[in-house]
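Chains: A, B, C, D, E and F, in written order; residue numbering restarts at 1 for each.
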Amino acid sequence: MKVTISRKAHFNAAHRLFVKSWDDTKNESIFGKCANPHYHGHNYELIVSVTGEIDPETGYVMDMKVLKDLIKSEVEDAFDHKNLNLQVPDFFDLNPTAENISVVIYNKLVKHLDKDKTIEVVLYETPRNFVKYSG
Amino acid sequence: MKVTISRKAHFNAAHRLFVKSWDDTKNESIFGKCANPHYHGHNYELIVSVTGEIDPETGYVMDMKVLKDLIKSEVEDAFDHKNLNLQVPDFFDLNPTAENISVVIYNKLVKHLDKDKTIEVVLYETPRNFVKYSG
Amino acid sequence: MKVTISRKAHFNAAHRLFVKSWDDTKNESIFGKCANPHYHGHNYELIVSVTGEIDPETGYVMDMKVLKDLIKSEVEDAFDHKNLNLQVPDFFDLNPTAENISVVIYNKLVKHLDKDKTIEVVLYETPRNFVKYSG
Amino acid sequence: MKVTISRKAHFNAAHRLFVKSWDDTKNESIFGKCANPHYHGHNYELIVSVTGEIDPETGYVMDMKVLKDLIKSEVEDAFDHKNLNLQVPDFFDLNPTAENISVVIYNKLVKHLDKDKTIEVVLYETPRNFVKYSG
Amino acid sequence: MKVTISRKAHFNAAHRLFVKSWDDTKNESIFGKCANPHYHGHNYELIVSVTGEIDPETGYVMDMKVLKDLIKSEVEDAFDHKNLNLQVPDFFDLNPTAENISVVIYNKLVKHLDKDKTIEVVLYETPRNFVKYSG
Amino acid sequence: MKVTISRKAHFNAAHRLFVKSWDDTKNESIFGKCANPHYHGHNYELIVSVTGEIDPETGYVMDMKVLKDLIKSEVEDAFDHKNLNLQVPDFFDLNPTAENISVVIYNKLVKHLDKDKTIEVVLYETPRNFVKYSG
C-alpha cells in the first residue's frame, strides 16, 4: 500500500533572473521586471511529497517530523532570508527561475531518502505561479 | 529534466445545466438547483499546467507571462462576465458542466502550445467542487 | 466580557448591475462588464459576526449552530442558485451591488437576534473584492 | 474523455498515535506529542477525486451531489466529532495515522463506485501535513 | 501613528463541551456532538494583534519575533497536542468553548505587553467558525 | 448607510531592514536575518478598504475598478519587482518595515479619495505576519 505524505514549508528570498552572457537589453526583453539588477523577492511556499509503503507497525510512510527537519536543514536554513544569486552557491552559475530552484531542492532532498521512496517538489513563487518537479 | 509550470487565473460567469431534449421536470430531477432557467453563477478559478523540458539557457519551461497572456486571450476574454449558455458559442450545444468547460478550455489552449509540451486544466467551480482534464 | 463570534457561509448566484432608468450605453459606461444583460455570476462567501456577552454558564455568546441555521434559512435558501435580479424580491427595485446585498442580508438577520447583540456582515463577491456592513 | 472530479469535505476528531504492544516510553519516543494518552485532535480536510468518462448526455462524470452524500454517509457521519481510537471500529486495532485514515476512507468509498471509475483520497491532518492514497 | 501588527499561530487539541452540573442529556441537548464524552478535536488557528505607536527609530510597533516567541511560550507550549479539559488547568472549571479559550489566551498574553499597547485575539476553531476578543 | 468596500492587490519586492546610523552588529542584533545586506524579499499582499455612504442611485460606495486602478498606479507600479531600499524614494530614509510600508501606502492613496471617505490599509508581509493602518 503506497501512500504519499506531503509537508508544507516556506522561505523568503531575493533574486533576479538573468543570463550572464546576455547584455541588459536582452535580459530585460526576456525576463522583463524579473531582470531588475537591484533584485526583487518572494515568499516561496514549498510542498515536499514522499511516496512509499506504509510501515505496518507504525502506520507511517515516514515520520513527518523527520521530513520537516530535513526540509529545514537542507532548504530553509540555506535559502531563507537570502539573496539567491549572491549568497546561495547553487545559483552562482544557474538562473534562479522557479523551475531551477525546484530541481535544486529535489536534488538536495532525494539523497537523504531511502531508495524505495520517491519524492516530488512543488514550489509556489507567488500564489498564482508554481512549478512541480519529481526527477 | 521535465518540470511542470502552473498558472492560476479566474473568470466570473452565469450558466445553467440542462439537456435541451429533456423537459423541465427531468432536467430538475437530474440537475437540481443547477437547472434553474433564470441561471446562477460562479467565480471560476482556473489552474493551467504545462509540462516540458527546462530550456538550459533561460531556465524556463515556458515564459509564465506568455502562458498568462494566452489564458487571458483564449479563456478570460471569452468567458469572463458572460452567460456561458447564451453568449459563448462552445456551449450553445454543450451542457456547461465543469467537466465540459474544462475540456473546452483544454482544447482552446493545447493548439497554441509546442507539440513537445503537455497540458492539464484544473477548474474550480466552487471552493469545494473542482475538475481536472489532461487530454 | 463581550466576544464576537463569526460564521462563514456561501451561496452561488447570477446577477447584473444596472439602473433601470438609464439606457444601455450609460449602464455599460458605469458598470462595465457587470451590466451584461445576459447576467454573470459569483460564488458569494459570507461571514456573519455577532457580538455579545459570554453566557457564564454555557460559555457561548450564541450557539454557532443556531447562527448557522439562521443564515441558511434567511440567506442561503433565499439566494443560492438564484438570479438575484429576477428571482429575489429584495432586488426587484434595488441594484444588486455587493454593498446593497450586504445591507439586505444585515436587515434579514438583525431582526432575529437579541437586542443586546450587534452584528456585522462581510460579503466576498470574489476572492479580491469584498464589502462590510454593520448597521 | 476521462475527467477527474473532486469534492472537499471535512470532519473534526480526536485521536492519539500509539502501538498497543509498545510501552509508553517507546510510544513517546516514536510518536512524540501525538502519543499523548489523553488525546489531541484535528480539523481533517478531505478531498475525494473520482476519475471516469464524461457521460455524453449529461456532461457529468458523476453527479457531485451523489459524491457529496456518499462522503457524508460513509465518512463524515462515521468520523465527525468522534474519538477515532475509542469510537470508530476501523481504528480499534489500527493506529489512526493520516496514512491509515486515508486508506480506510478509500476502502469505504471505493465499493460504492462503478468499476469503470478510479478514486483518490487526499487527507489534510493540518494545513501543513497531508497524505494521498489511490489504491 | 498607531499601527496594528498581527501574527498567526496554531495548535491542535482535543476538547469536549459540557457543564459539570448538568446531566448527559442536558449537555447533549445544548452542545450536541460537541458534548461527546470521549472528546473530539480541532486545529486551532490563532491571530494575535498588537496595536501601538511605531518606534520612530526601528520602524517597529513591536518585534514580530518577540510576539511569535511570546505566543509560543504562553499558548502553543501550553495547549498544543493537549486535551484542554484534562490537561490545561485554565479549563478544569471552565467550559473550553472558542469564546472562553479566546479570553484565556488574551489574559495570558496581555500581562506581558507594555501598558501603551492593546491586543486582540482571533481564534479559528474551524475554517468556518471563529471568535474575537479584545478585552 | 456606511459600507466598507475592500480590494486585494499584491506586489513582489526585495528589501532589508536596518538603521543607517547603526553598525552591522547592532542591526543584526535587532533585525536578525532581515538585516541581511544582500536583501531578501516578499510577496506582499495588500488589502485597501474604503468606507463611505452608498450612492443611492448606483448602489456603489465607490467603483471597485477605480479603486483597483488607483492601487495599481500608486502602489503596484511603484513597488512591484523593485528593491524598496534602493529604488523607491519613500524608503531612501525610512526603514521599510511592514509598519512603515503600510503608512506610506496609506498616504499615497488617501489624497486621491473624497474627503467623506476613510481608508484602511492591511499589508501581509508573509501569510503569518501582517499589519494594519488607518490614519
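The criterion applied here is as follows: a contact is a pair of C-beta atoms (placed from the backbone, for glycine too) under 8 Å apart; a residue touches a chain by one contact, two chains touch by 3 or more.
Note that this is a predicted model, so its numbers are computed, not measured.
Counting hops only between chains that touch, subunit B reaches subunit D in a minimum of 1. A repeat of the A-B interface exists among D-E, B-D or B-C; more than half of the contact pairs are identical by residue number at B-D. Most remote chain with respect to subunit D, judged by CA-atom centres, is F. In a homomeric contact, the two copies may use the same or different surfaces; for subunit D and subunit E, over half of the interface residue numbers are shared, pointing to the same surface. In this assembly, A is the chain whose CA centroid lies farthest from the centroid of subunit C. Spacing of subunit C relative to subunit F, judged by their CA centroids, is 28 angstrom. Here the CA centre of subunit A is 34 Å from the CA centre of subunit E. Shown for subunit C are the residues that touch two or more other chains, namely 127. Across the whole structure, chains are in contact as follows: A-B, A-D, A-F, B-C, B-D, C-E, C-F, D-E, E-F. Residues of subunit B touching subunit D in their complex: 17, 19, 30-32, 94-100, 102-103, 127-133. Looking at the complex, you find that subunit A touches subunit F at residues 10, 12-15, 33-34, 36, 38-43, 45, 80-83, 86-87, 126-127.
In the complex of the two chains, the subunit A residues touching subunit D come out as 1, 3-9, 49, 54, 57-61, 63-65.
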